Amino acid sequence: MDGIVLKVVYAILSLILIFNYGMLVIGVTAKIVARAHGRIGPPFYQPYIDLLKSISMRTSVHHGVMFWLGPVFRLTGGIGLYMLIPAVYGSEWLQNFSFSGDLILVIYFIFFGMLGMALGAGESGHPFSAMGIMRGLAHTTASEVPFALAIIAVAAQYHTLSISDIVAAQQGGIGHWTLMTNPLATLAGMLAYLGMMMHSPFDLHMAPQEIPVGPVTEYNSSYLALMQSNRSIFASAKLILFMNLFFGGATSIPEMVVKTFLIFFFCVFVGVVFPRFRVEQSVRWFLKLPTMIGVLAVVIYTVHG
Amino acid sequence: MVRKTIALALMSGLAFILAFILGDWSPMERLSGVAYDYVTRGAADLGAMNLVTAIVVTYRGLDTLGEVTVLFLAASGVAVLLRRKRDEAAATVKIKRAASEIVTTGASLLSPFIVMFGAYIFLNGHLSPGGGFQGGAVIASAVLLLFLAHPDYKLRHNVLNIIESFSGFTYVLVGLLGLFLAGGFLDNRFLPLGTYGTILSAGAIPLIYTLIGLKVGTELAGILENMKGRA
Amino acid sequence: MKLVMVLGAALMLIGFWGLITRRNMIKMILSLAIAETGLQLIMIAVGYINGGTAPILDSAVDKLSAVQQVVDPVPQALVLTAIVIGVAVNALMLTFIIRLYQKKHSLNISDYKDMKW
Amino acid sequence: MDKEKDGVLATIEEARKSFNEQDYYCQELPKTVQPVANKIVRGFYNWAQANSLWILGFGTGCGSIELPPLFTPRYDVARFGIFPRPTPRQAGVFIISGYLSVKTLKRVIRSYEQMQNPKFVLGLGSCTVNGGMYFDSYNTINRLDYYLPVDVYIAGCMPRPEALMKGFETLKEQIRAGKAEGANHYVENLEWYKANQKQIIKDWDMPEYNW
Amino acid sequence: MVNPIFIPVAALGMAFLLPVLERFGRKTVNVLFFLTLGFFTAASLIWLNDFFMANSPVLRVFTAGFKPPLSINLQVGSQEAMLLAAINVLSLAGAFYLLPHLNVTGLKARVLFLLFTLGMNGLVMTRDIFNLFVFLEITSIASYALIGMDVRLKSLTAGFKYMIAGSLASIFLLFGIILLYQASGTLNIDGMIASGVTLNDSPLIQGAAFMLFLSLFIEMKQFPANGWALDVYQAAHPGISAMISAGSSGAIFFALYKIFPLAGENWYLAAAITGSTTFVISNLIALRQRQVTRLLGYSSVGQMGLLLAALGFGFYVNRGRDNYAFILAALFFNHFFAKAGLYWIAGIVKKERIEEWSALRRNPVLLFLTGLFILALLGAPPFAGFWGKWALIMNLGREDTFWGVALLLFGSLLEAAFLLRWFGLAMRGATHDDIQPSPAVREIFVTGLFALISLTLGARFGYMRLTADLWTYVFPLILAAILFLFEGFSVYLRVMASLVVMLFFGFYLYPLEQGLAFYFSLIFIGGGLLMLLATLYQPRRSAGYYPLLVLMFSSMAVLTASKTQLGFFMNWELMTFSSYLLIIRGKKSRKAAWLYALFSLGGALAMLAGFSVLQLIRPGAELLADLAYAGEYGGVIFTLISMAFLVKVAALGWHIWAPDAYAEAEDDLTAMLSAILSKAGIWGLLLLAVFMGAPLWHSLSLNTVLGWLGTLTAFFATLYAIFQEDAKRLLAWSSIGQVGYIVMGVAMMSHLGWLAALWHTLNHFLFKGLLFLAIAGVIHRTGTRNMYEMGGLIKRMPFTFFSVMIGIIALSGVPPLTGFGGKWLLYEALIEKGWYLQAGVAFFASTIAFLYCYRLIHAIFLGIPKPDQLQVREAPFRILFPQYILIAFIFVFSLKPAWLLKPLSAMVAPYFTPTLGWQGDTAVSSLGYWNGTVMMILVVFIFALVLLNLLWMSRGSKKVKPFNIVYAAEKPDRPQTTHYAWHFFTPYQRAMRPLLKPLIRHFWQGVGEWTATGGSVLRRIYNGNGQSYAMLILLLAIILFALTAGA
């Protein structure tokens, strides 16, 4: 019993940490992007203000039960995902609930929030919502393929699907990272990562100029607030996952901060440089180069056994 | 042209087959098998001089009954097919020319003799070449002659029918008598074999042949009449 | 007797030839009759024994040595049946032709192709 | 008029009417929502509202040409927490950029009503004050605040981006001071606003209040 | 004992006497006529009884008081008695049926009929070859006259062609007889056989045999010399056609059977070749035939070919002659009664073209009889044809005659194609006019009588074949028969009865099964019970629905209990036919059901072929377990047998039938098909794997092939699913894809793989049943299947929405619901097995599944409601109830996966070493771990927390109406344009275009078209010209000569 209470306490602490971290990452990134544009940019704590503003809105409208539940699903998905990933290797309080499932569980749980959100947005009846979801889903199916192949290659490499074990296997210097030991899988995974973060050039689900803000068009006030919170948690969880899989994980919080920030910056960097893809372009792109690399990574292990 | 070519090819094929089969055929040197038995014991068994008749009427009597049946069937078939529907009567056009006097006179003179000749043939079937079928056919030719001479000539249906039915039925009865009184169905020996070589010999053979003759005669006459078309 | 055999076979072939080349239905029937006749000749030929006489045990044939003198009576009996059956079939066929002619006023077999395939 | 065409029009009209009747629109009227009672929380919220102004991306007139420069390095309003937002559901600031034709007014009203409380209106340019150079046009309105509660007017034809930024400044002050209660004002005087609006908009084919 | 001679005596006596008796009036004549026929029937039935019940000695009758060969003898033994009984019953019934026709043509017609019957009797009884000729002539001449009797142009033409053919045949026959006589010196058949004269290979004797058999082959209507027969069947009065097709053909076949011992080796082969060619080609040509009577003609000719082939094969392989008597009898009587029945029905319906047979729909009795006879002709169990075909194919396999197997099975498939198309048109064709068939009681009576005889014979033959576990195998039929008694009562009573009998059957099976079999029968029976409950939502059900449902479910359950190949195959066929008959009840399901039947039958025939290959290596093998001894033929057998299962699971390449059938079947039936029926294929694959392991084809492991097949099926079917507009079609493709995963699992042949397969089997049942039932409810309320015509139904049907939501979450494998368990097991197994690439494709497929899942729920339930659906109500409780039972199961297994996984693990343990361990509730594989319970609690906990938070934050939130949306400051015009649902994934379609080419459909279409084209090219030889037919007869002579002269 004690163990469970402790776990819950640890989990809550861990969650607070990651929430704030996520908020800050978003804010700092916006600042950096602004600097790159030659602007001053919003303050690094702007995400907090926006969140607060959303909470402070006095009225809100909703379209029905599922619309209402959409953000709940979304946030549950984000938190749950984070809960399944051990954030820092060796740290007891940042292990979260990773004992309840392995990598397969994690990648399938990513869909939990997406599906719930899609259902909620769908009930709003706004055509842009449906279009945004369609684009998002279509794009995701394609970008997940190289990711899955990368994971399979990693699992084949380490003979395990447990994230902790994968991290453990990468300890002992940069030479042991998957980045070095399995560069093909890392490449495929990182290309897929670009798509999974849904940043430019893969932000086609909300395509500001075509279907403004996409699925969340009808969301407002407190509903929006929930999604803003999710954004920080979900993004961080994904960053940590990639860090664990390909970049040796982290043994301390600073190491985690540095590594995830760099990983995030990779996606921001690409996003600043490239314009947006169309749906079919994105799908085809992922199914060509990244998938080919992923297949190569997998085939190597198939042949070697 | 194509058709002819195909036909030619088919015919040469058939010719080849026939040649192959009959190529080294040669006539039998002596009787063998069942024929030997027929010849050696036929006369004694059945008392018929004409072995063919013995075979036709008794040994293979069932065939003959079947033969009669076939003829009967054909006659019935012709009758059924050429029956007139009510609305057809008006449609038939008469194009019948009266026969010349020579024909009519000849027919009147000859036909009784022809009938008598036919009767002779079937009555002597067990003694000499001939028999019920042949006799019947001869009788029917008399009818044909009458038709030629008198296109409007009408046969008396009832009489013909009764003769036909009676002779056919009696034939079957005679067969049954053979079954009950002698060795088997169509056995001619339930009547005494009589004196070999006389007309009242060979058991029931003359009787059967008579019945067959009557039946065949009436049936063929019926066919002829049906085909002629009723006036 | 070989001659009869060849004759019979030839008649059969002639009959078949007529059957598949003559368009006139009556001629076709006649062809069939010719083929049947050929067959009957063959049957008789089969039953023939060199130097044999008719299987009628009259004064011309000695009852005891008949076996050496007569030809085989069985084919003759069979031919008799075959002829009668042939007659029956021919009569029926002619009846069909009469009826067919009444329907279409044609004796050409190619005109009766209402049913095919 | 062609009878068949008439028929088609009639059916479309009928369909529209039936959708209105068939419960496709919420027919209720809004209520005023007072700010949080707790003074500290209210101040905190007002601060957040003031520092996170999301503009509805809806250029109603020629003045909207002045908006894009705001986001360039030269002016960079992002540093004040001002961002464009394409959907009224999430936006808090409505900039009426210049003259407002009758046709546009209808859309503006609909968009304004779809925004959530608190919401603010900036009248940009002289046209929103008194009609400006179009004061006698048959097709534009003269005074914006007959139809919507305006928080800040920015005069000029056209005002420069700097003036616009000044306007934002003023709005922020008002918000922080808790004086920007246009949304509640609109609800309280809904009857008057609706009467004014309906005077201009002849074919009023929408529900009384656009949720 | 009746003396056989009385049959000709009575016939002739009466025939000769009737013209005289005419004057006593029609009544007297009729009485006497029927008395005579009745005497025949009675006599033959007495003989039948004597020979089969009392084992009497064979009756031999010598005529003329002399022994054969001097005289002609007749013989009646057990075989003759069977034939005579059949023929005389046919004659009596046929005369009864034809009575008005006979009345029109008058007295003489009765004479003809009587003599026709006599001819057939004589053909059967006589033992003298010349007498045989005479009786053949009697039969023929009588039938010529009977055909031409109604003096219509067509029947006269046909009769004339028949006469030409008959005359040629009799010339050949006589030729043969006389040559044989010369060679053997006798005309007695027994004498000839005893003398062994035909074994001599002199040209004369070979020629004699040639002529003899040529003639009988012509009379048996062998290809190509059968154009005349088709015309006869088409033109003659159907009552007469029935007599000719069944009766005289049968008698002639028996005559051939009688003298076949005279034939030499070369003739066995020739008969086999000719027969099977005729069977295949006439069925092929029939594909393009639209004229009912001619269609039946082709079928008759084909069946004659089959009989001849069976005869030829029987002697060719020269072993197991008793067995061949069984086969011939089964095939013969099956055709005999079924074809007569079909002709009679054709006579009742009086519609020439098969398209017009939809008129039959109004008359359920006739429709039922038609279906029954067609099934009999197709060799469906329990009809005699089934047993005959099984035994024949097995024997052929044993003797290594696989070309025969191939030809016969191909022919059977073609036959199924046209017969079922005809039946489909009768069942579901468009109605053309309102003229309904008005059968007389008399006609229905005789047809029904023959149906009864067909069934009885089938039961009798089946009783001889099914030696072990008889009751288990026939149980489904008995259950269905019981349920037939409830037809006409209310639906509730019928469902109750169905539930009771199914439960009873479940209790019967319970002690017979354990392990995997138990698991599957649980799904089949338990699922069946649940689905039966769901059928209640439709207040009315057409006749036969529940018997067929129960038949389908129980035969599937028997599959799990089957120990013998025959029992398995029989129930497989029962399942196929019952599901076909159920599918065709859909409003537009004619083509779909046809395709389904064809593919299923094709698969079943392949299975048959597979079993026959096994016979080669293990003669006499009867048990399924014998598959383990397949040895070097393992690859072939595995491939062939798995074909049937692959069709049922609709694996890629064999899936063409599935989307249509699922979409067009009745809505609740689709749930059963997808949720339960497809599992039969899985059971089959498991069975194969259990017995055969992973056989090799050369060096390629077939399991790898199977695995890839499953993978690609999962992928492509899912891909197709997302572009469907029709909800059921979408779910159909989805179903195909999901079963693809199960196939993958089975193919892995590992503990984890099988666990994945088994887990997914149950799960697919749960969520796909749930989804299909929910959609059935929606369709029931909205009346459309097109998703874009719906929208916003969440507000009207919240409970259904919840079902669908749970269904898609479970389907897509999102944790924490059960679907994830299957995915987890699958990937663990795939990676453990080293099938990395397959795992990648599977993953891709499973992400694509999200697309259609979302589309399904979005287009139907979310978005904007359509005006005409504003008033729809929630689906009926009767269909919601089973859904919520399924949901309950889903939740239970989500919360406690161990409750299902542990027993499954134990079931698989006998076959593979377990690689899945347990730590408390955590399942641990060699690669990873998964704790469903914690996961579920975690998710529920977080969800509740967030939910409470939002509840507080969003207090006072205003609920708005559908059109209160941000619409670019505009006002939505119509729901139809605002609800984004039609062509939902167009960009994705554009991106995936290269993968979407329907190559397989084109391939099968090509196969179909080329086959039909082959038929239409071949049928040109039947140009309608009697002279050409004569030429074809001569051609047959030459062909046969070429075939036989070589030896």
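Order of writing sets the labels: A, B, C, D and E. Residues in every chain begin at 1.
The criterion applied here is as follows: a contact is a pair of C-beta atoms (placed from the backbone, for glycine too) under 8 Å apart; a residue touches a chain by one contact, two chains touch by 3 or more.
These numbers come from a predicted model, not from an experiment.
S.K.: Going chain by chain, each one touching the next, work out the least steps from chain C to chain D.
M.R.: Minimum number of steps from chain C to chain D: 2.
S.K.: Looking at the contacts, which chains touch chain A and chain B alike?
M.R.: E
S.K.: Looking at C-alpha means, what's the farthest chain from chain E?
M.R.: Farthest chain from chain E, going by C-alpha centroids: D.
S.K.: Comparing the two chain pairs, does B-E have more C-beta contacts than D-E, or is it the other way round?
M.R.: B-E
S.K.: With centres defined by CA atoms only, which chain is the most remote from chain A?
M.R.: Taking each chain's C-alpha mean as its centre, the farthest from chain A is B.
S.K.: Express in whole angstrom the distance between the two chain centres, defined as the mean CA positions of chain B and chain D.
M.R.: Centres of chain B and chain D (C-alpha means) sit 118 Å apart.
S.K.: Suppose each chain is reduced to the average of its Cα coordinates; what separation in Å results between chain A and chain E?
M.R.: Roughly 53 Å, centre to centre.
S.K.: So what's the Cα centroid distance for chain C and chain E, whole Å?
M.R.: The mean C-alpha positions of chain C and chain E differ by 49 Å.
S.K.: What is the distance, in whole Å, between the centres of chain A and chain C, each centre taken as the mean of its C-alpha atoms?
M.R.: 98
S.K.: So which bits of chain D are touching at least two other chains?
M.R.: Only 33, 87, 89, 211 qualify.
S.K.: Which chain E residues reach two or more other chains?
M.R.: 130, 134, 137, 141, 144-145, 148, 151, 179, 182, 187, 864, 956, 958-960, 962-964, 966, 1031, 1034
S.K.: In chain C, which residues are in touch with two or more of the other chains?
M.R.: 12, 16, 20, 42, 46, 74, 81, 85, 88-89, 92, 95-96, 99
S.K.: Hey, which chains are touching each other here?
M.R.: Applying the touch rule to all chain pairs gives A-D, A-E, B-C, B-E, C-E, D-E.
S.K.: Which stretch or stretches of chain D touch chain A in the complex?
M.R.: Spelled out, the residues of chain D in touch with chain A are 30, 33, 35, 44-45, 48-49, 51-52, 57, 72-73, 76, 78-79, 81, 85-87, 89-90, 92, 116-118, 211.
S.K.: Can you list the chain A residues touching chain E in their complex?
M.R.: 55, 59-66, 68-69, 71-73, 75-76, 79-80, 83, 97, 99-105, 108-109, 111-112, 114-115, 118-119, 122-127, 130-131, 133-135, 137-138, 140-142, 144-145, 148-149, 152-153, 155-156, 159-162, 217-218, 221-223, 225-226, 278-281, 283-284, 287, 294-295, 298-299, 301-302, 305
S.K.: Quick one: in the complex, what on chain E touches chain B?
M.R.: 3, 5, 8-9, 12-13, 15-20, 61-66, 69-72, 105-106, 108-109, 111-112, 115, 118, 122, 126, 128, 130-131, 134-135, 137-138, 141-142, 144-145, 148-149, 151, 179, 182, 184-188, 202-204, 206-208, 210-211, 1031, 1034-1035, 1037-1038, 1041, 1045
S.K.: So in the complex, which bits of chain C are touching chain B?
M.R.: Listed in rising order, the residues of chain C that touch chain B are 1-2, 5-6, 9, 12-13, 16-17, 20-21, 42, 45-50, 54-58, 63, 66-68, 70, 72-74, 76-77, 80-81, 83-85, 87-89, 91-92, 94-96, 98-99.
S.K.: Which of the residues in chain E come into contact with chain A in the complex?
M.R.: Chain E residues touching chain A: 792, 794-795, 798, 801, 805, 808-809, 812-815, 820, 823-824, 827-828, 831, 834, 836-837, 839-840, 843-844, 847-848, 850-851, 853-854, 857-858, 862-864, 922, 926-931, 934-935, 938-939, 942-943, 946-947, 949-950, 953-954, 956-960, 962-967, 978-981, 984-985, 987-988, 990-992.
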